[in-house]
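A, B, C, D, E and F are the chain letters, set down in written order, and residue numbers restart from 1 in every chain.
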Amino acid sequence: MEKNILFMFMRAPFGSIYYTEGLRAVVGMMSGLDEHKVTCVYMGDGAFYTLKGSDKSESAGYIKTIADISESHYYVDRESLAQRGIAESDIDDMFEVISRDDVSKLISDNDVVYDF
Amino acid sequence: MEKNILFMFMRAPFGSIYYTEGLRAVVGMMSGLDEHKVTCVYMGDGAFYTLKGSDKSESAGYIKTIADISESHYYVDRESLAQRGIAESDIDDMFEVISRDDVSKLISDNDVVYDF
Amino acid sequence: MANINFLLTEGPFQTEKWSTAAQIAGAALKKGHEVTFFCYLDGIYNGLSTQEFAEWEKVPGDYFKELVDNGAEIVCCGICVNARGQQSGKFFSEGIKVGGIPDWAAFVGRADRVITL
Amino acid sequence: MANINFLLTEGPFQTEKWSTAAQIAGAALKKGHEVTFFCYLDGIYNGLSTQEFAEWEKVPGDYFKELVDNGAEIVCCGICVNARGQQSGKFFSEGIKVGGIPDWAAFVGRADRVITL
Amino acid sequence: MALYLINLPFAGVGLDMAKRDGDAKVVLIEDGVYADVSGLDNVYAVKEDVERRGVANRVGGAKIIDYDELVDLIVDNKVVNFA
Amino acid sequence: MALYLINLPFAGVGLDMAKRDGDAKVVLIEDGVYADVSGLDNVYAVKEDVERRGVANRVGGAKIIDYDELVDLIVDNKVVNFA
């Protein structure tokens, strides 16, 4: 059965491999027979991934595949950025900054909520 | 060559196995031909190990062996306790509470400083 | 009765997650729920049948074998298995399968609840 | 010239520590320093010669094999090796040894510097 | 109703998200039982994790549950993973 | 002279210990390059880790070093591990 799935990316790149293996998982989730719909949100130390200069070469293939399959959103939590002193002008265009209340709404709107 | 070694236990028990495998390492370090002298200090989330009720059954064997080999000290950083709301009356007698400046002195007095 | 899928991304011994997962899953099976596992990243090491640790009565692998014997379906990510040098799972316990993310996606499709550990 | 001992407690892929350790050790060997490793806990998985990951030109195991070829001495904790189902290191790269904490204690005795990763 | 499954590394964000959810139940697992849950209602903590760590007096008003009860909570509520 | 090797999980305690050591040098490695090192002198950061994370503007006055230079620092100073 098709589900709406929220992936919350919580860990700092690149100390662990979750940042890219999580996106591999997103591709797989969207490609299955069930055609799950996936939304990504970066929170906590995961917010560091949204920095403009953060090396996205290893995950670029997944991001392109995800875009080819269907529209998908990449959000980042405003509060996580602020706590880490990251200015909104310092993050990549592909990420949309949202409030923590918006994240709360994403959590309640999705059927499945993964931390990654 | 015999060395003085400081083991800083930094991780919360029991989410990872470092709390007990670190003590296994201490035993091994003291038992070798070089007869290294070991001191232990609990800091950061490692301070939770010092709680009276914290289950020490898996590490009791190591603690006994360490005591049999030679005198060894178990210190805990006062500031780490305070940050976690742990009262000094709530910790086991085997641990001696010291200030962070005392920890700094331990760091400079030992030849080798491990985080665990 | 419910269908519960576990995503397990950490290996045995190093952290406690294998144990928490095995205990929740064991309790769920006893209550008659369906249990599936996708072992991803280091989670795949839990599939091994070759663990030997004299200090413990049972090794982590025993718990996962038991879950399979009690009806759980366990699939390990094949890319992760081979990346980590575990040779297509040739030393995995009987009944623990090697598959891919599509298997996980299908588990999630069937699941009423999903747990990450 | 100095003697540097590395304590490596995490495995390949999951975290970056294997890579940092291999790069510091490689640079140290090139400068003529002596390098020893004690692989403890999940660190022992770095000894495997059987890793296969097509997306990377070299797998973590290749880097550790290279360190040995360039003169590093690498010992993996035998209790950890068997606990983690790696069968006395039978699939470890040639030159990577299985030993015990006494080997590590001896490394530390000889070391001018000690690095934990 | 949503069940927030909380371990220590993600407790900061996880507990804050639970506070924003009027219907939240919180379950502390593993090192999550060390987390500060003041200001939260409907908190549960896994018995085995609490006892092993000796923190029964720290989890305050949390209801102590075993794995059987945790399974019931999981089945009865949508799970939000911060573990 | 002591060289404090700092990664992110232990940066809080590690940097505080470095501040108490008048002779401290600090090397940020891996996710340690995300740490806030304001108020510290003699800070180094590993080039590969800084570049990959795009944080050259965040490590402020830190001297960017490659692995060769890191080995020299390790050889010349006692190492205090918070990594």
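For the reader, a short list of remarks on this structure follows.
Going forward, contacts are C-beta pairs under 8 Å (C-beta built on N, C-alpha and C of every residue); 3 or more make two chains touch, one makes a residue touch a chain.
What you see is a predicted model; the values in this text were computed from it and never measured.
Counting hops only between chains that touch, subunit B reaches subunit E in a minimum of 1. Both copies, subunit C and subunit D, contribute mostly matching positions to the interface they share, with over half of the numbers common to the two. Looking at contact counts per chain pair, the maximum sits at C-D.
Farthest from subunit B in terms of Cα centroid separation is A. Ranked by how far their CA centres sit from the centre of subunit C, the chains are topped by F.
Chain centres here are Cα means. That of subunit C falls 23 Å from that of subunit E. Taking each chain's centre as the average of its CA atoms, subunit A and subunit D sit 34 Å apart. Each chain gets one centre point, the mean of its Cα atoms, and the points for subunit A and subunit B are 39 Å apart.
Touching two or more other chains at once are residues 13-14, 16, 41, 114, 116 of subunit D. Taken residue by residue, subunit B touches two or more other chains at 14-15, 17, 113-115, whereas all remaining positions touch fewer. Among the residues of subunit F, those in touch with two or more other chains are 30, 78-79, 81, 83.
Working note: touching chain pairs come out as A-C, A-D, A-E, A-F, B-C, B-D, B-E, B-F, C-D, C-E, D-F. Against subunit C, in their complex, subunit B makes its touches with residues 14-17. Subunit E makes touch with subunit C in their complex at residues 5, 29-30, 46, 48, 67-68, 70-72, 74-75, 78-79, 81, 83. Touching subunit F in their complex are the following residues of subunit A: 12-15, 45, 48, 51-55, 84-85.
Those residues of subunit A that touch subunit E in the shared complex are 8, 10, 43-44, 77, 80, 100-101, 103-104, 107-108, 111, 113-115.
Per the touch definition, subunit D reaches subunit B in the complex via residues 7, 9, 40-41, 100-102, 104-106, 108-111, 114, 116.
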